[in-house]
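Chain IDs A, B, C, D, E, F, G and H follow the sequence of writing; residue 1 opens each chain.
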Amino acid sequence: MSLHRVITDDHRFSRTGFAEAIYSPGKRPEEIAAIGHRLDQARSAAGEDLDWPILATRVAHDDLPAIKAAWKKLSPNGALAWDADASMLELAVPGARRPIGISAVVSAGTTDREPAAEAACVLSTYGSDVARLDDVGVAGIHRLLDPTRLETLRAARVVIVVAGMEGALPSVVAGLVSAPVIAVPSPVGYGVSAGGHAALHAMLASCAPGLAVVYIGNGFGAAALAVKILRGLR
Amino acid sequence: MSLHRVITDDHRFSRTGFAEAIYSPGKRPEEIAAIGHRLDQARSAAGEDLDWPILATRVAHDDLPAIKAAWKKLSPNGALAWDADASMLELAVPGARRPIGISAVVSAGTTDREPAAEAACVLSTYGSDVARLDDVGVAGIHRLLDPTRLETLRAARVVIVVAGMEGALPSVVAGLVSAPVIAVPSPVGYGVSAGGHAALHAMLASCAPGLAVVYIGNGFGAAALAVKILRGLR
Amino acid sequence: MSLHRVITDDHRFSRTGFAEAIYSPGKRPEEIAAIGHRLDQARSAAGEDLDWPILATRVAHDDLPAIKAAWKKLSPNGALAWDADASMLELAVPGARRPIGISAVVSAGTTDREPAAEAACVLSTYGSDVARLDDVGVAGIHRLLDPTRLETLRAARVVIVVAGMEGALPSVVAGLVSAPVIAVPSPVGYGVSAGGHAALHAMLASCAPGLAVVYIGNGFGAAALAVKILRGLR
Amino acid sequence: MSLHRVITDDHRFSRTGFAEAIYSPGKRPEEIAAIGHRLDQARSAAGEDLDWPILATRVAHDDLPAIKAAWKKLSPNGALAWDADASMLELAVPGARRPIGISAVVSAGTTDREPAAEAACVLSTYGSDVARLDDVGVAGIHRLLDPTRLETLRAARVVIVVAGMEGALPSVVAGLVSAPVIAVPSPVGYGVSAGGHAALHAMLASCAPGLAVVYIGNGFGAAALAVKILRGLR
Amino acid sequence: MSLHRVITDDHRFSRTGFAEAIYSPGKRPEEIAAIGHRLDQARSAAGEDLDWPILATRVAHDDLPAIKAAWKKLSPNGALAWDADASMLELAVPGARRPIGISAVVSAGTTDREPAAEAACVLSTYGSDVARLDDVGVAGIHRLLDPTRLETLRAARVVIVVAGMEGALPSVVAGLVSAPVIAVPSPVGYGVSAGGHAALHAMLASCAPGLAVVYIGNGFGAAALAVKILRGLR
Amino acid sequence: MSLHRVITDDHRFSRTGFAEAIYSPGKRPEEIAAIGHRLDQARSAAGEDLDWPILATRVAHDDLPAIKAAWKKLSPNGALAWDADASMLELAVPGARRPIGISAVVSAGTTDREPAAEAACVLSTYGSDVARLDDVGVAGIHRLLDPTRLETLRAARVVIVVAGMEGALPSVVAGLVSAPVIAVPSPVGYGVSAGGHAALHAMLASCAPGLAVVYIGNGFGAAALAVKILRGLR
Amino acid sequence: MSLHRVITDDHRFSRTGFAEAIYSPGKRPEEIAAIGHRLDQARSAAGEDLDWPILATRVAHDDLPAIKAAWKKLSPNGALAWDADASMLELAVPGARRPIGISAVVSAGTTDREPAAEAACVLSTYGSDVARLDDVGVAGIHRLLDPTRLETLRAARVVIVVAGMEGALPSVVAGLVSAPVIAVPSPVGYGVSAGGHAALHAMLASCAPGLAVVYIGNGFGAAALAVKILRGLR
Amino acid sequence: MSLHRVITDDHRFSRTGFAEAIYSPGKRPEEIAAIGHRLDQARSAAGEDLDWPILATRVAHDDLPAIKAAWKKLSPNGALAWDADASMLELAVPGARRPIGISAVVSAGTTDREPAAEAACVLSTYGSDVARLDDVGVAGIHRLLDPTRLETLRAARVVIVVAGMEGALPSVVAGLVSAPVIAVPSPVGYGVSAGGHAALHAMLASCAPGLAVVYIGNGFGAAALAVKILRGLR
């Protein structure tokens, strides 16, 4: 197959407050490095290098060495950072970031950790200080209501809640905090919860007013909205 | 249309522990009274009159006078009892009942009250002492966790939980008590929760092990199972 | 039917930043007035009367006189405000409000106006200055790209976009502004777009990162999130 | 990937009457052994070791040797029991169990045996004496109505019925016994019955009052409810 | 609206063994009479008047007088026969019919009677001797297994089984007889069984080989197939 | 896994007119041979060996040698017949068969051949003389209307039509012949027709009265019904 | 409710070759007349009055007198034309039209006539000479294959086919002509065909290459595409 | 498996304006070559060799050498052309083609390229001059509205638009051009857009009148319709 020329949307950050990222599945290591390099040049040209990260999402762990090698050739001095839980690679990591406020990422169980990690990684690379609360699902509600955990939760200025199975956690959280809450249905699971549709519909049907939902597994999208909210706060 | 001869299943109580009831929609007042009369005779013949109630479910309020009149003719001394919240009519009410243990019926919000009332009414006519906990939905979780309410809940030997919208309440309750919990999705609501499918799927996907589900709005069926469980306890 | 005692969640505003509202369908005029009166008392007790409005949503126009009469008895001096497009009634209107920032409500066509009006009314009663852009659907994209309209849109600190049919407008808007965008699928329409599911799925599948979605027709919920975002900005 | 610290819910048994189990898919052999060891310590601390088993469910047969090796290191004297039909491993098997009453597990055909085995194994490890009736599907109804089988069925104090295809068997069984009946749709099959949705919906629509349903293939959940019911009987 | 000229398929009986019928909904009384008259003429021309009935299906009871009046004008000597349970009207009833063999129509409960009546009426007008077995649903399986009923069932050369709710009856019947069995899902009901989809899918998933299914409520279609089968037997 | 004892339904043929077959997926070669041997003994005991074949369906081609070897041991003189297109194996083939009448199996395109072959093979082993008409899909309707083909079609006493994609062929065929027509939706295909649901729904919605449908890909079930119809004709 | 100012898209015809029409449901008679008047002025300004009609679609018959009266006031000399079968009203009918080529509108049965009439009416007002072929459904395929009808069909330069039930007719037609074929699923019907989804999916799955589909009942949209195709031919 | 004789529809081009193509999946290399050879002979016999190409679609790249070898034997002088992006092979390429007008194929993003390539390849082999516009999705609407791109788009006489995710692009394009627009939902993607159903429904619900849709991923079918439209223009 011939190599397609990918047209990057270089001005997306200045236009929308959230920069173009590289969705890795289906792209070869050299393509990922090349698009990253081009975004790095666009960012430098715009003089905004502290504010937006250059991210490759859902990177296959096996592709890492090849991407690093290709990146080295294109940008010998550009730092790389790999987040294994989020399967996310940051290219051309800046020396410092401008902070954009505290956020929290809450998850119900083991199967929710991947979208949670993805959301936390994006928030962190955009300059947010991220608090993580894991394994606080509603079948043992005392875990969430622990005073220390509640205090952490209430300190955040935006909250992302990832849950699979019956998807009840975001409704409970939204009844406890005043920050905006973004719900992410978790795709991983078994039985009826596999695929995440039960959780998606439960979240859309939430009895807690003002809960907004992104699609199943879309920790990246939830974080994009959270970043926009946090940046508006400055 | 000619009058169909309805074949009642007179021995269902002795066979299954739960008697045949009269589903009223589509039946005329005289038919309801006539079937009730026939069941009354079958019950007397079996000598079990304390143990099983003769119930007409989902009775239209406007049909009450006509049913009462028809019943009066067939059974001049047979007492009647009407539960307006449950739209349920008990025919040939016995003077006393054999008690079968404490149950609890929990509901999340206003729209869940009809199935909750139906379940409570059935349990009560079968001899259970029923505790009601209403308006304890998960968006204000402190209401359920109130110590007095928790104590009431934990005293029950079987618990029915009715919830619409995101259907999260049964999962939370099942994480708090050791009694069997039966979940009833609520059919009434608006938006995505209208129809009760989001709640049904959330309940089937519950993270709380051992939660059994009946179909949307089926407070009657949930109570039937609860009665069988309570009767087994004796 | 006996009159149910409704348990209001009086501290929801201080806990979650968005107060309990009265969902009117299924409630009688006197009930609406009575719940409103109780919320008014709770608000006074909390000393927050400028910050949260007391709203009855989806009020039937025919019920207005009876609600007003009942309200007059309970609160002789309490002002009322009726928004016919939003079918929303504000009870105990305060003399002044604390402003919470500029928002925009965008809609694609005639059938999207009801959720748009509901969202705008909520935002306005919570103190936001709301800009409306109607009839800017994607089949005539020049209408949205008009420079005056774009400037208005970009001045908003949060944007709600209502669309039915193919639900494409939120994706286009989210590609044009840096404020957070909340998408509301419109329930009214004909053919495949009737019911709003095509729009809902299109919005969940949007190519614009960070678009969060509320359920079909839920202008109220979208505004609740927008209020929380704007209040965080202060 | 870094090793996640799994937070076990050590007090679930005392709170809910059914202990936390280890869902094995996605966990490594050493993790399964480690979680089991932790639960064993929690059980010992609670002094309840006869009453709740430590179970690893859906264990891959190929992982057995590695789990056993890891377990040996952590708990040199802890007995293990493997149920190949149920793919379930019991860790730290106690020397004796307190019996909790007779149960029956009924299945329709060959493809229903896996959920049936899972349910029977859980019931058995919790102390129930389990009667199995297999291959009694409704297309040859005489098999179920055989007097010896009927007598066995009626001796049980709780009945679990697993069926795939048209899912009719639970309705027939519930018309024959007075014990509570829990229905499990079978996921294995071919054609329209593959996936188990036809059976799930048939069971939810059952003409037999009081039939409660768990999700497709969830023999574990059905047994959890059965255990709670049986424990309530004591 | 102008009067559309309806093109009848006059030779359908000789071509396919089952004649065109008049589906009444949406047609005016005079149209029904006129189409019937035209079919009567076609039948006479073909010299087949004993073999195929002229049927108007799903006739509104209120339209009967007007249809009779219109028919009287067109065909002063043509006899009419009305089946109230089936809502079916036969026009130009012949003096005698050629018999085509015994059939049975079995139904599970009260809500299945309309499709059962429709099927029985069609079979009867085509010359079959129809045995009816009603109220033999699977929750009381002893009713179907009654020796007299079984003998009746086994005398039929084709069997139609109508069932709603879980749709299990056809599978049980098909395991008891050697005649071809045609299953009709019942549309009437409540809860999950309303609409008949659970029954339809259960029937398509039947464990009994050789069960063919027609669409929900289509008693007419089931009878059409049964007639073709019976006519092939002669 | 331990070897399950499979309970065969040995008297199904005398009871229902269609014998038990061996569904091969999930069974080991030796199990297939053993069940076949048991059925052979049952058939001999019943003295019906000409009338019912012993069939193993959906046999993996790779398992053939092992099945043959196992069979040889159990039944040194029993003949075997393999139909590669139908993936069906007949065990203990009788020397002669009693004929049961002519049938036709019609298919629309290449992807419909597997269910068509399965249906034809079953019909043939039960003694029917089967006419095949392939590649006569409706996009080239002249192929079906060819006079020779029409004559063949009209000679059959029962017709099975297999079609995928839009599933239109059975409706056209049912408008051309007087024999009963059984429709089989084809599972193989691409795009919207993959899976066969479009064809299934089209067949259930057919404008041709009396078309009965079996589930997607169920050529075996269609043939079972056809056999019952043909056997009734004798 | 206040009167909304509707923003018409006056230049749609010059931009897209098909003018804005007035979708009447939800609009008051005076609004329909006022929008029509505004479009008339826009058309005059553009000097294109022969080429694009001003259409109000899905007009309620009862609203006709009021629309006519309102129109009379706004445009005393503007002619009106009413098509009762299509429920369509043309406003400001021009004296002459420029012809755009022959089209055909084919329908399967009685229930398909409304979308067929809508499509034919639009085509006709845009200047196409429309041939109608009704009642040519596939259960009597000889009707479509009649030589005179085939000749008419093949004379058309674009063909619209409306069908409900199994939706097979467009596939058959597309196999007979070389003109582009546009398929319209019919929404009216009963049983599985009610709603038109079976027909929609059958059409999308058609075995005839190049069949394009519009949504259920959308005769207007099919005609819009046909007009664009015909106008391209000039 | 025995080799099936495939019946080609040799006269489809003269009858329908679009020739039979070879759908490759499931066919062996020699079968593809053999069918191609037969079509080549049919085309030669018809004397139309410039007008219709002989196409094998969805060819596996790995099968290419074997197909070429088989073709060489059958047709030593017949040229072959391979389009890797479209996975399409043209057999017996003619020396020259008769041009049929300009078309445009528009796509939204990377994942839409396969159907776009398939459509473009078919159009090109039938003689159309095809303009490609890629990566012009609605989240960066300025890319489509670029004056050079708009001019290219408006020069086309038929436009195919491929889009996944929210499927909004065809609606926007149809509001910009007067040529007929055919929409193709893209099957490739992730999250809710995976599978293409969100895009399919969005396209069927489009607010742009006259947008016709083919099934998900069916670039071939879209091109078939486009070819028929372009050929009608000559």
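Please note the rule applied: a contact is a pair of C-beta atoms (placed from the backbone, for glycine too) under 8 Å apart; a residue touches a chain by one contact, two chains touch by 3 or more.
Here the structure is a predicted model, which means the values were calculated and not measured.
Novice: Using C-alpha centroids, which chain lies at the maximum separation from chain H?
Specialist: Ranked by distance of C-alpha centres from chain H, the top chain is B.
Novice: Average the CA atoms of each chain to get its centre, and name the chain whose centre is farthest from that of chain G.
Specialist: Most remote chain from chain G, centroid-wise, comes out as D.
Novice: Among B-D, D-F or C-H, which chain pair copies the contacts of A-H, with over half of them the same by residue number?
Specialist: It is D-F that repeats the A-H interface.
Novice: Using the average of all C-alpha atoms in each chain as its centre, how far is it in Å between chain E and chain G?
Specialist: Distance between chain centres, rounded to whole Å: 38 Å.
Novice: What whole-Å value do you get for the distance between chain A and chain C if each is reduced to the mean of its CA atoms?
Specialist: About 28 Å separates the centre of chain A from that of chain C.
Novice: Got the chain G residues that touch at least 2 other chains?
Specialist: Chain G, residues with two or more chain partners: 12, 139-140, 174-176, 191-192, 204-205, 208, 215.
Novice: Each pair of chains that touch: what are they?
Specialist: Every touching chain pair, ordered by label, is A-B, A-C, A-D, A-H, B-C, B-D, B-E, C-G, C-H, D-E, D-F, E-F, E-G, F-G, F-H, G-H.
Novice: Which chain F residues qualify as touching chain H in the complex?
Specialist: For chain F paired with chain H, touching residues are 84-85, 110-111, 113, 134-135, 139-140, 143, 188, 190-192.
Novice: Looking at the complex, which residues from chain B come into contact with chain D?
Specialist: 12, 15-18, 21, 157-158, 174-180, 182, 204-205, 208-215, 220-225, 227-229, 231-233
Novice: Residues of chain C touching chain B in their complex?
Specialist: 1-2, 4, 6-7, 9, 12, 23, 25-26, 215-218
Novice: Given the complex with chain H, which residues does chain C contribute to the contact?
Specialist: 108-109, 137-141, 145, 164-168, 171-172, 174-176, 189, 191-193, 197-199, 201-208
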